[in-house]
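Shared between the two complexes below is subunit A, which has subunit B as its partner in the first and subunit C in the second.
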Partner chain A sequence: MSGAAQNVFHFKLVLLGDASVGKSCLVVRFAKGEFYEYQEPTIGAAFMTQTVNLNSEVVKYEIWDTAGQERYKSLVPMYYRGAAAAVIVYDITSKESFDAAKGWVSELQGTNTLIALAGNKVDLEASRVVEREAVRAYAEQMGVLFMETSAKSGQNVQELFREIAVRLPKDSEEDDEKAKGFGVGVKGAAPKAAGCCGWS
Partner chain B sequence: MFGKLPPPACPGLCYLLTFIIGASEIVPRHQAAWSLRFNSCLQTVWEPGPGGHGRGQRTELTLPELCVLGPEREASAGSLVNPERSPRPGSRRRKRDGLFGIFSQDPDTELEVAQALRMVKTNFCPYHRIAAVGASMGVEGLANDASRSHCPTRNLREIIGALRLFRSDRDNQERLGLAKVIQELVTMVSEIISNHCKLSKQHQAIPVQDPEDEEWVRPQLLLQGSEQHLTQSVSRFVFHQLHHRLFPTEPTAEDNRIHLQIQRLWWLRPRHLDLQKALAETEQASEAVKLLQRLHSLRSPNEMLEVMAQAFRITTQAACLKSQLAEGICKTSQDNAFGADEALPLFILIIIRANPRMLDSVLSYAERFTTSDQRRTEQGYALAQAQSAVEFSKRCRKEQLSNLKPGEWESSLVLTDNFMKGTDLGTLAPTWGDCTSAGPAAMADVRWCPVMVVACGPEADLAESLSALGAAKPCAEAGPLLEDGQLHLAASGFCLWENEGPAAVMTSATLLAPFLRKRLASLVSDRVLDPRLVATTELFVVFPGEKPLVAEASLAACLPLPAEPSLQLLQAALDTSPSEEMTWRPPVVGNLGVRCSV
Partner chain C sequence: MDESTSNQDAEKQQDPGEVQGSNDAPQSSEQMTEPQSSEPMTEPATSSSSAPRNEYLAFREMLKHESALPLAAKLQEFVRNFPEGGISRDQAADRVHKFLSSTQEWMLSKVVVFAAEADEAGQQSAAEGLEKFLVMRLHGKIFWLEKSDPEEDEMVKRRIDSLSWVGFQNLGVPSVDVTLLDLAVDQLRSMDKFKAPRDKMICILNACRVINDVLKRAIVESGGGRPLAADDFLPLLIYCLILANPPRLHSNIEFVAAFRHPSRLIAEDAYFLTALQSAVAFVKDAGPKVLDVSEEEFKQLCAESIAAKGYAANGTKPAEAVTAAEKGLELSADVRKVLAERISTLRLQFEGIQSVRHLRVGDLPQLLEEYREMASILKKIQIDTLTDDG
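And then the complex of A and B:
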């Protein structure tokens, strides 16, 4: 359809993590980063979109933030349902937030969602509690993407979302969905009906 | 301009036209011309003119001949099958049960699809094929199968007619796969119109820049019709046609249950959810409440989602700007950027404040009839927020709330519950006594003032409506007054203040009796009423004083109570002073003595 133009892929990305780990800042940093020329007009809010240009493809993220407070924990599955990727954020200066992150990782393990673990606030190296190597080992064991980021300095923020974009499977899902509507009713049904009828 | 247009060919199309004019604020100007063009194309697809009646004359804007196949339809529905298409008169109708059992499995998924609706081209329609085979063998009526329904159609009107034949309450919709069929139909019609209008797909590839960055809209954009816009127009049209079959006309039991559950939390304030009060109190929040309250009156799932997303967007944007202003400057790298941690509680409060009617029906309607693409976008997010808010109010427990004052949870819930059950407040007094004795702080920031409630609506038989409530005499002190066919009533009320702002007004149901729509059948108890007024009723609250303040009110709940004793009890139980902002001495409830001077 777009001929020589780049293929655009849409992905739903959900942000998980405790309330004070700075997941909103992380995504605001990403969405307002100065690396991209065209930006969606957003003011920091719970829903944002941002694109990542890979060589031959454009990945457009629809970013869903979730509320991290304990009282909303049971509501979070409504948000991650059908997400292509999940960024689970913890605060390297808080052991609790990492434990919560581990909880999310195991909750999402069974789904098709690509999981990325982000240790935020790496600028606060001095008060670090969660050791990088321990997390790296954990991430390898669980098979999830891991990076330490800083929403404040912007360290690794773009890299994280770019890496997710690279890893997301792009099986031309877009075209399938486009073709589906008309196809199933008319074109698609043709061989089906003929096939099961068998008398043609 | 519109006066000169010829009258639309079919009544259904008036709808689309009205809608576009009504929605001109949100349709960008350069799309209006396209809306009209799509509309005229839709008219042709709906029913090609009298010239195109025969089979031969097909234009670009003719749908392929399609057959709608489905399970046996309800007995009451009339037959849509064209006389010329149905088996020839005189042919022996031999009914065969289950001949089409072979089609009951989807060859791809091997799932039972016997109950599902299918739309296939007539060329590939098993009924037509078997009939043809039968005819070649000299067997007539081979394809008469009573167990399945089969409607050949030639245009959009007939397809819609065929879809209307099936019983499509919520359980059935899923079994029929109705969402998929409608989606197919919308795509098909859009494609036909798009080909006709030669909407160039090339133009779509031009990166559309942020309109705010450009001071002028590029000329090619003005001339270009958008496929998205077309699909929206078509889907809106199709859903408008089917709306009364797809969306319940009356609140369902679940709707009422959720309505009451949300109602129970009317007293929830931002502090209970650790939200800054300023974020929840914006002009946009009130606007969002109004938007949400009309959700159930919209006629397509897309419009509902659009409105939900709009309500979500304006409140979060206002709150976000406010929080950034509060911080001085927008520092995105700060620890506390505005995000879902604030947006969700904010939206929960807004949903509670709005308590939209038929919310459950609206949410499930919007969810069932949207595409997976749509569910990923901001609209999908708004839907998830609304679903979360409903879920939260269903499960809300005391431990989940912060900053509760001692006894606040109990007293608020007991008050609401008892009001809902219509319990005589006399039995409430001990509970109230307990909570006030727990300390004067318990209800410290709840104050009260007496008000006058004025209602005015169409003429009605007062005595009859009162006896329907089981009340003997009206509590209205002033009136009833009949003027110009309008009935005016006024009575004392009791306004609870919190944080020095009026929070809720209570008055006796007997005041509103003539205007109440109807009783709710034994829901919580048979004394709960449908909290709705007849459409033309106006409701005002008058705060008396040197300069009386008049505020428009909307009814949230209505319970039959013996008015004056209950309110006096409540007043005594609260035992707090009237709001300090009131400079006048509050008269005893029930003796306001203000005459309705409307």
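And then the complex of A and C:
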């Protein structure tokens, strides 16, 4: 360990959204952005971890993917239980996916989970059907974080997860306790690779 | 502790090997194959899963150390005083976890042989050993903790038996080579062979890793496209679960969820346990809509499936049908009629012959013909009762 010890915070982050909105692409993109040298290319997983370095804090996400098909919808509450944050993803070229996203926003409102809404596939601007400004107004009204992203180009992907990390309350002691007692990968500062151009 | 300083007999009784006495279920799982990292599958990547068996043996050895006598006594006392029923699973878990947390702290600071474990890995493995040692000895009292557990296990088993027709298309995923899933199916079934929550958890993890590997392979073969996600993983887990129909599924999962110490039920373990719980929830509720079949098809497929698994019409599962007569009872009316006709045409002219010596060479062609017809009828019974298994 070198330098001042950083506080490490573990947060469970759940991914919600329809099956074809690119949830997993988004998170693979996020995971590769900083750590791509350790990642197998484009493989992904239903469970992933990724670290965000803030100045004096390290936020370690445990990212829980959920199945987006309609038939598995009723199971999703089992996954978001106890999540610190939820990233609700929709596809800007699909009105249906946005309606589904709104459904998740309403469902999670009133829980302690921090909600972020991600309008993905912004690289497909020409096919856009969900207007940015309308969603922005909706997000403001609902008090949720909103960004348009592109898993393909990387646009706003790091920013989204970083912003969530900034907003998450860091007063929970128990996380530290857990980590201390059983050594679940508490590391010093995570090495930071440059930029987010690791997509290949 | 006073007990530790008492005479030699007492010391003998406190030998950890004897603590469990006879109140525990069959031979301890220590005798069985552990879910080892040497299994022919992706090695558990978490450091906590490495060589669990050796770690546990080391713990058992340390528990025999003189300084550990008070610890052994304490464990024994806790097990002895643990209530037989009358409390909920949550209450029992809470009691076990509180005891483990305080005992662990005391063990690692005051019990010389364990306090000597200076590094994190050593302490962690001692804590794991403590959990395993204790929970295995409580197993008989806490596995079927709720009165409804055995019934629930039966219900889930029957439910899964009724879904044996479910294929990839019903779950909304592209098909994969089913033989590659054998290992995952084995691991899911193995959960029941172990008593310690961690060992059961390792089985779950192993199954999930096999599924992930199969998916990765499928993705690579299809040329990439999209990354592996829960959209693929969960349906395949459900598929494996239906194939495996693991014994005492409900109770095993609830047991891990309740008695694995919360400080260790984290990260990937927590995710995959939740995934399995959600898969069980899915099969419990799955109706025609989510499985993409009509109401009638669903009813028929389930009825056929359940009959093929040997359940009687009243829903009870008799012993496996072994005789043709038993199998005959499971057939549909139409099939039975056809078979009855065929059976009635059998002349059975050799029925009365008691010995080979009374058989003439000239009888052989007739004998063979009759034999073949009987074999064909038997096969028909077999096929009609056991179809749609794959």
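Just so we're on the same page, the second predicted complex is superposed on the first by the 158 of 200 C-alpha atoms of A that agree within 3 Å, B and C clash if a C-alpha of one lies under 4 Å from a C-alpha of the other, contacts with A are read in each partner's own complex, and residues count from 1 in each chain.
Here is the rule we go by: contacts are C-beta pairs under 8 Å (C-beta built on N, C-alpha and C of every residue); 3 or more make two chains touch, one makes a residue touch a chain.
Remember, it's a predicted structure, so these values are computed and weren't measured experimentally.
S.K.: Check the residue A:Gln109 against both partner chains and state whether it touches subunit B (first), subunit C (second), both, or neither.
M.R.: In the superposition, A:Gln109 contacts neither subunit B nor subunit C.
S.K.: State whether A:Ser127 touches subunit B only (first), subunit C only (second), both chains, or neither.
M.R.: In the superposed model, A:Ser127 contacts neither subunit B nor subunit C.
S.K.: Regarding the shared-chain residue A:Lys152, is it in contact with subunit B (first), subunit C (second), both, or neither?
M.R.: So A:Lys152 only meets subunit B here.
S.K.: Hey, what residues of subunit A end up touching subunit B and subunit C alike?
M.R.: Touching subunit B in the first complex and subunit C in the second, residues 10, 15, 19, 23-25, 28, 43-47, 62, 64-69, 71-72, 74-75, 78-79, 177, 181-182, 184-185 of subunit A appear in both lists.
S.K.: Which residues, counting only subunit A, touch subunit B once they are in their complex?
M.R.: Result: residues 1-3, 5, 10, 12, 15, 19-20, 22-25, 27-29, 32, 38-41, 43-47, 62, 64-69, 71-72, 74-75, 78-79, 82, 151-154, 177, 181-182, 184-186, 189-190, 192-197, 199-200 of subunit A touch subunit B.
S.K.: If you look only at subunit A, which of its residues touch subunit C in the complex?
M.R.: Per the touch definition, subunit A meets subunit C at residues 10, 15, 19, 23-25, 28, 42-47, 49, 62, 64-69, 71-72, 74-75, 78-79, 177-178, 181-185.
S.K.: Could you pull out which subunit B residues touch subunit A in their complex?
M.R.: 64, 66, 102-103, 105-108, 118-121, 123-126, 129-130, 133, 180-181, 183-188, 191, 201, 204-205, 207, 209-210, 212, 273-274, 312-313, 316-317, 320-321, 324, 330, 332-341, 343-345, 371-373, 375-378, 381, 384-385, 387-388, 391-392, 395, 400-401
S.K.: Over in the complex, which subunit C residues touch subunit A? Could you list them?
M.R.: Going by the criterion above, the answer is residues 47-48, 120-121, 124, 127, 171-172, 212, 216, 219, 224, 226-231, 233-235, 263-264, 266-268, 271-272, 274-275, 277-278, 281-282, 285, 289-292.
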